[in-house]
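The following pair of complexes shares a single chain, subunit A, combined with subunit B in the former and subunit C in the latter.
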Partner chain A sequence: MMPACTDPDALEGLAWLACYLTTGKHMAFYTSFGTVLLLLAITAPAALAFGFGGAVMARSRIAPVSWIGRTYIAIVRGVPDIAFFLFFVIALDQAFEWLRHQAKCPDWDQPIRQGNDFVVCAEAKLPLSTAPQWVHETYGFALAVLTFAIVFGAFAANVLYGAMRAVPRAQIETAEAYGMTERQTFRRILVPQMWVYALPGLSNLWMVLIKATPLLFLLGVRDIVYWARELGGTKTPQFTDYPHGDWRMWYFLALLVFYLAFTKVSEVVLARIMARLTKGQATAGGEAQRKAAA
Partner chain B sequence: MKLHLATAAAALTLAASAVSAQDVIRMGTEGAYPPYNFINDAGEVDGFEIELGNELCARAELECEWVTNEWDSIIPNLVSSNYDTIMAGMSITDERDEVIDFTQDYYPPTESAYVAASEDADWETGVVAAQATTIQAAHVAEGDAALLEFATPEETVAAVRNGEADAVFADYDFLKPVVESSGGELVFVGEPVPLGGGIGMGLRESDAELKDTFDEAITAMKEDGTLNEMLVKWFGDEIGQY
Partner chain C sequence: MSCWETIADYGLRSLGIGERLLPRSDFTLCQQVVLIGSGMIWNIYFGVLALVTGFALATAVAVGKAQSNPLIRKPSEWFIFLFRGSPLFIQFFFAYFAFLSLKSAYPFFDPFTSAWLGATIVLFLNTAAYSGEIFYGALLSVPKGDTEAADAYGFSGWRKFRRITWPTMLRLAWPAYTNEAIFLFHATALVFVSGFPARQQKGDALYYASYFADKTFNPFVPYPILAGYFILLTLVVISIFGVVNRRLNRHLPQERRTRPRFRAATLMR
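And then the complex of A and B:
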């Protein structure tokens, strides 16, 4: 904090506001924007990877593999997000600890389930209870990324599955006629061409993912909505140097601007990607591009 | 867990107990219920329970670290061992005692009160706001008033300010500073209701030794008067003392 901010009661107008907006609490608020962006930057490719894997499995000719892919898509798409985030993360965390417990503490003689309690040996805790706070926070963040990737991966899988089927049959037949193996056809023809069909669906998912980030707080990660709610709430003079009324509206207005700006930028970028993917494709969009160029 | 280990280790070797002595007790709180616990201007947890918890840890020679968690999932995360204690203004009730254990109370049983925007507000049969899964919410649900639940204490008060609810029902000591600083906008209405068996520290049922450690420290603080000093510091002279 700036030295001038030692006595906020004496300040007025802009000076007060400047001090108010630079408290440690506000700094945490600004940092949380970075947290959200980082989450998106990691989750989007991870979810895409889950989606790609799910789609490939679902269309596999080996029945059990196909079942796994289809079950993943069906279950995750069917369960409400909030139930998934409340239940699944605790279950996931316990599953990891249970596995570590089996590996690290074979001599443990007490039950892991003691009534309501889930108790593993100290060495199996994840992270270790001796670990510094940032490790706990990073672990929570990693769990959040994994959960988001699994949830959005299922939707992405469905989009990609449809996109793979949308690639014109003639393209595949031509590849086969050239003597390409099934694997070559998949890599050289199917995958490069499917993106143009997948992108509208994937861009929807991206927009939904941006707006789903407030679910982070359910996972113990303090995101921008948590801080906006916390900072905007009425502050009584007993507990702060900067008392104010209910300012949540202003904080949420700032969030609204942030989300709108972010989704607008996304739209522009996605439109450019779409134009690039359309190039030379056997779609109406590709045809229009060819005519415009000619 | 860590204490089962601690005793086993102490019985076996000195070296092993030296390792477990470095164990960190993770203390869960909500961080949204002043003066019990809240986030201060610096963005750190602060409040009566934070000061008390740190003192208890110092007396028990434990290293403690504070973690904030949303009220709704504060008990599930405790029993799942994501932290080891709850100090979040949590009243000792029979329902909660079935799931977790409590130390003796460190904050005496007090009254809950209604606050409304005017003296003639209908707190008996109107719409009353309370935080979800609290003893106050349970009390309102039993009465004639319509219960309006919110996830955070702040929202329950905001509901009265913006007219969504006729009154808010919460701990008297939470509402007192809110009413005092509202400049007459909010007033206490009706009679205070004694609820709950005081506030205690919540622990896993399997963590009996940690519970005993904190119980001992609380008893010591009650006996030498330091707990009373802390209560007066955060809640004023009206607060019940030990």
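And then the complex of A and C:
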């Protein structure tokens, strides 16, 4: 806190606002923007990995594997993602605890589900009840990341599945003519060539992912939505040095502006990446670039 | 208690008709199916109302964005950017708290803080922006030959738009618009988790599903039920939109008819 802020009652106008916006709780609010960025930074590659796995499975020649891949892709389509989020956060938690329970307490003879309770032995609890607070918070965040990765992995799988099929057949045949094995063709031709076809879908997915980040709030993480509600609510002089009315509307306006700026910047960056990837490709975009250069 | 009694008690619970108290213990499968199904009434209400009203505004916004006059084009562009560039979840929160502030100044805004009106307005504006962008894209790809033929036949102004441009735009936009409709119905599940209160526990399907999941601590029953209802709703939407699509394309020779492909790549917003 700045030294000028020691007596908030005496402050007025801009000075008051400056002091108000630098309180400890506001600092926590600003850090939570970092949480959102961290979530995106971890989730995007994780979802891409899930998506890649899903796409490869859906392409598999072994029927059951292909079914699993296709089901994974198809099921996300019919159901709201929010339902998946709320489901997975509890389901994953219980699944992990159950697995640990099986491993650590083999001679436990009571049922896991007793009426309306889910009971595992104390050693199997995740995180352990003795663990410090930060472990609990990290575990909650990790569960959220995994949930996001599973849901958006399905979307990514669909995009990549389509992109792999869009790579011109002639390029694959050329690779075969050069005597490459199936594995070599996949690694050296299919995967490098598919990105230009995948990028429009993946950019779209990135935008959807950005706009899904406020759902972290529903998964119990102290994110920007949590803090905006917390800080914006009416504050009376008894509990704070900076009393104010119901300002939640303004806090959420700030979040709206943040997201608008974020999506705008992403749009510009993605357009540049697309221009880079299009270079020399046998697509309409690549053709346009060649004509412009000539 | 038989399942029929449960249906009588809870079938319209989401509208406040029937048993007042929700079941508190010994939840049966029937209770979960009936209550979550009862909540679907709200999802369908939000979706249908926003879709119907949003359609009109979307057409206006699309035509506005295609104008050369910046006084009309710029507001349309900003409207689309504003609602497509920010999360619906935050839009709900902002609108709810904005209506709350307005209500304290003007009692007229009292109904706006309820989900039935406030959330519908947000969904209406949101879907208008997304569909507006879809329609705008379709408007730009209306074949030049079609409009030239219209000119040759002496169509102009409103009649040209009504008889030639608009039907072609709809025909081209329809597959993408179907996906938007599906997404709109999915988005209705956000209403009661984003600020708007479910007064007297009158909530939507997700509200009841999470109620059961919290009470039983078992997500493996209520959420699959919810998923089943939504998949059913999605199939209904696809078949209704399919009927419209066939009508929009009925003048085309068989092989040129575009069959809508519902791939998730185009399904995303």
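Couple of notes before you dig in:
Heads up, the rule we're going with is that the second predicted complex is superposed on the first by the 288 of 294 C-alpha atoms of A that agree within 3 Å, B and C clash if a C-alpha of one lies under 4 Å from a C-alpha of the other, contacts with A are read in each partner's own complex, and residues count from 1 in each chain.
The definition used in the following text is that contacts are C-beta pairs under 8 Å (C-beta built on N, C-alpha and C of every residue); 3 or more make two chains touch, one makes a residue touch a chain.
Predicted, not measured: the structure shown is a model, and the values here were computed from it.
Per the definitions stated earlier, placing subunit B and subunit C onto a shared subunit A by superposition produces a clash between them. In the superposition on chain A, contact of A:His136 is made with subunit B only, not with subunit C. By the document's definition of touching, neither partner reaches A:Met274: not subunit B, not subunit C.
In the superposed model, A:Phe252 lies in contact with subunit C only, and not with subunit B.
Within the superposed three-chain model, A:Met180 lies out of touch with both subunit B and subunit C [touch as defined at top]. By the touch criterion defined above, A:Asp117 reaches both subunit B and subunit C.
By the touch criterion defined above, A:Ile68 reaches neither subunit B nor subunit C.
Using the contact criterion defined above for the overlaid structures, shared-chain residue A:Ala46 touches neither subunit B nor subunit C, since it reaches no partner.
In the superposition on chain A, contact of A:Val191 is made with neither subunit B nor subunit C. In the superposition on chain A, contact is made by A:Leu218 with both subunit B and subunit C.
After superposition on chain A, the stretch of subunit C whose C-alpha atoms clash with subunit B is 97-105, while the remaining options among 7-15, 79-87 or 97-105 stay clear. Touching of subunit A by both subunit B and subunit C, each in its own complex, is seen for residues 86, 90, 94, 116-118, 218, 229, 246, 248. Those residues of subunit A lying in contact with subunit C across their complex are 73, 75-83, 86-87, 90-91, 94, 113, 116-118, 154-155, 158-159, 162, 201, 204-205, 208, 210-215, 218, 225, 228-229, 232, 246, 248-249, 252-253, 255-256, 259-260, 263-264. Across the interface of their complex, subunit A is touched by residues 25, 81-82, 85-91, 93-94, 97-98, 100-101, 104, 186-187, 189-190, 193, 206, 209-210, 213, 215-220, 223, 226-227, 230-231, 234-235, 262-265, 267-269 of subunit C. Looking at the complex, you find that subunit B touches subunit A at residues 1-2, 4-5, 20, 22-26, 31-32, 34-35, 38-44, 46-47, 65, 67-70, 73, 76-77, 79-82, 84, 99-100, 152, 154, 157-158, 161-162, 177-178, 180-181, 204-207. Of all residues in subunit A, only 23-25, 27-28, 86, 90, 93-94, 97, 110, 114-122, 125, 129-130, 133, 136, 217-218, 220, 222, 229-230, 233-234, 236-243, 246, 248 touch subunit B in the complex they form.
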